[in-house]
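You will see subunit A twice below: alongside subunit B first, and alongside subunit C after that.
Now for the complex of A and B:
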């Protein structure tokens, strides 16, 4: 049997083109396979071969979604593949969104099977898990040594058309499918055993986990914005110059609350970004590009808003766990309420 | 973060570039912005033009806060 033709989709970083300063590169095919593709190719062995590596900058992909989709699809199509592997994206949000989009689009538009791989908290997981196969990885590229063999093994299984076992067994993220299966014990036995385990306080595993919906309904609109006290919150990592509390550039372990009292605008001289997940040049030159202190201050003066709260709250959203974000925001919300803030503008990068 | 602030009873508008992420995390009032590294600006423009764009986006955000929404709403201009 001839080797199955595989296209590998990756971002600018794994292609060795560059970091955040190159995140805006357009889709292209690499003439030589980068090390990550070479390694994956080795792991695919005799049954499959990476025939081409398509690269796109993470920011370009997410900012120009429709155009990027068309361009990437065209590049993938030229090599006439039988399978596409995107990533692994670990916990990189924009990369995960790109990988999920590529997989979904390739399956839908080209009817070619495809997979990707990510950490379970990658925003790409929530967006795409129902529709595509995502191999579970750790949260950072430090887990590459484990991730690549898992991806290769799973890809070969999919290429061979083997029936996939349960997500836990195969190491992919559940799509929420219910599959009929025969078991030794009948349902009533299993249900009673589960109940007994529950009554005893023992751990048990449900056969049908309920999806966790956590939606918060919108609050009523602000009645009169010209009387409202507005606060700024950001996940874009804007901090006073030199980052006094040393908020980490990724996986932030804290948030900051900083005074902007007396500032008509913030500038290069007094503020910067601590965020490691986007090219910091533009935010460092003019941090108002991330938190609009200048405009809100003007509006306060002209009476378009009641007032701008004296402090802003900030953390770095890059790779920060959902649990931590929830914790920071709950504390921030409490403080906002204590200070009679009426509404919040939250900016993200 | 948006969701937790909303949960506390404070109306919140999310200004961000990658709208699908905002929808997934559960923001209710969403303003699409310019670009990931400069959501509220554009370094290709003159400073004054740039501020005009920023102002326009903030005006949209304030309007969103003044608008009753039923479910997630993306405010395109």
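Now for the complex of A and C:
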């Protein structure tokens, strides 16, 4: 049997072209396979072969979505593949979005099977997991040694058209599809056993995890905004120039609380963004675009709001886990209350 | 309260000139049976057919399934409040024709009646493909109201089960199972070191052909109360439902309630199973609030450490399930909930209409929206044209070649929420 023809889609970084400064490169086919594709090709062995590697800058892809999709699709199509592998994207958000888009588009437009690989908290997972198969990886490229063999093994299984077992067994991220299965024991006995485990304080495995949304009901409208003390909280990464507390550009392990007392507006001279998940140019040129200090000062002067709180709170939302976000929010909320803040403007990017 | 269940194993059913059990065969005098269940002038005709596992037979629309039982000793009689006086049941001895079942069918009553296939892929999904079925076909007179139709057919099913059960009165059972639940204080003294558990048994009472009866009382009109588990085995709780076939509890399932039977299995070993709290699933918010308050109050009053809560139906009753779970958990009592899922035909939707983190221990009967193609079978009993309109069916369900495509929702007992079936769902 001839080897299955596979196209590998990656971003500028994994192609060895460059980092953020090259994130705007247009879709192209690499004449020589980059090391990551060579390695993946080796792992695919006798049954499949990477026939081409398509590269696109993450910024270009996400900012020119329609055009990028058309261009990437055309490049993939020229080599007439039977399968497409995108990534792994680990926890890179824009790369994950691109990989998810490519896989979905290839399956829909070309009717070719495709897979990608990501860390479970990559924003691309939330957006695409229902529709596509995503191999589970660690959160950074340091996990490459484990990720590539897993991707290759899973790809071969898909290419062969084998029936996929449960996600935990196969190592892919559940699509959230409920599939019926017959069991050894009837439901009532399973319930009795689960109750015994629960009574004993043992671990038990629910058969249907309740969708538990962390719903936060919105507060009632501020009664009199002209008397209210208002604070700014952001996940957009705005920090004093040179990022004194070294808040990480991704997967932030902390948040900062910084004074804006005496600032009529913030500027390029005194503030910048620490966020590594978006093009920082416009945020750095005018940080008020992320936290609207300038407008709020105007409103404070004209009496439209009571006052602007002397401090703002900031972290980087990029790749930051839900658990950490919840922790920061709880601490920030406590501090806001202690300072008699009446209302908060939350900004993201 | 102590009940002996004498199981008379039935391995075949045959028409004969006399109704009796001989050498594990149930012989049925067809005319006598029909005469025993007749007399309701709302019914035009009654006929009986016999169906065995593996035969190429499809029965639809199935209204109820009932197990033939007879009260041999102890107070009261089978189906109190309907066919017997309202004496308290659950004590003494009851004989069961194990392996036999009465299945009622005829012109459709509501939209939510089921399919039982005795062979093929559909047979895997219904427990009643494994029973020897005495199918009673009751056709209504023109012009009777649906609720009258429902009641008439319901009574025919009970009468048939009682009539056949009588044949087992003097037969030596093949096995005798003993179930005993002591009064609460005595029970607590017997097992001072075991956690106390109970079963919160939610009964379908949304009304308008969605009803369940307790000792003859419409369960819409009860406030949650206590039963000895064995009362259920003598027919204290019966179905009057035309709810989706997959997850309603036919009377057969009430009689054999698997949660009760399985809780007895580890009673005195892992826990002390002290009793059953029955509650309802009314549609008014005040009723939902009151009933869930009461289940939680009774659970606390009994000093329980844990409960299993089973739902009947879906959608609206999901809120009752979650309210029960939430309020009982809030009393510091461990809960396990039993339900099924409506996750869409693709399985991608949220499965329940309500949820709460307290429902962290959930057993599911599977996704009722899954579709299945049931091939044409040789013999049809009932009215197959209804598959286009029964719950789980859709326009075009009945195909020209005689096969049908339906959601398993339409199959009687497929996703049982008391865990009578061996199905679950997994996340892929």
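Some observations on this one:
Note that in this section the second predicted complex is superposed on the first by the 260 of 349 C-alpha atoms of A that agree within 3 Å, B and C clash if a C-alpha of one lies under 4 Å from a C-alpha of the other, contacts with A are read in each partner's own complex, and residues count from 1 in each chain.
Throughout what follows, contacts are C-beta pairs under 8 Å (C-beta built on N, C-alpha and C of every residue); 3 or more make two chains touch, one makes a residue touch a chain.
Here the structure is a predicted model, which means the values were calculated and not measured.
Contacts of A:347 after superposition on the shared chain: subunit B is touched, whereas subunit C is not.
Contact with neither subunit B nor subunit C is seen for A:150 once the two complexes are overlaid on the shared chain.
Which of subunit B and subunit C touches more residues of subunit A: that partner is B. Once the two complexes are laid over each other on the shared chain, residue contacts for A:281 go to subunit B alone; subunit C is not touched. Of the two partner chains placed by the overlay, neither subunit B nor subunit C lies in contact with A:84. Of the two partner chains, neither subunit B nor subunit C is touched by A:316. In the superposition on chain A, A:299 makes contact with subunit B only, not with subunit C.
Within the superposed three-chain model, A:181 lies in touch with subunit C and out of touch with subunit B [touch as defined at top].
In the superposition on chain A, no subunit A position is in contact with subunit B in one complex as well as with subunit C in the other. Chain contact summary for the complex, subunit A toward subunit B: residues 20, 23, 59, 62-63, 93-94, 97, 123, 126-127, 214-222, 225, 228, 230, 233, 235-236, 278-283, 285-286, 288-292, 294-296, 298-299, 304-305, 315, 317, 325-326, 328-330, 332-334, 336-337, 341-349. Looking at the complex, you find that subunit B touches subunit A at residues 1-18, 20-22, 24-29, 33, 35-41, 43, 47, 50-51, 54-55, 57-58, 61-62, 65-71, 73. Interface of subunit C with subunit A (complex): residues 124, 195, 197, 258-259, 261-263, 265-266, 270-271, 305-308, 310, 334-336, 338-339, 341, 343, 346-348, 350-352, 355-357, 359-367, 370, 408, 416-428. Residues 130, 164, 166-167, 174-192, 194-196, 198-199, 204, 206-212 of subunit A are the ones touching subunit C in the complex.
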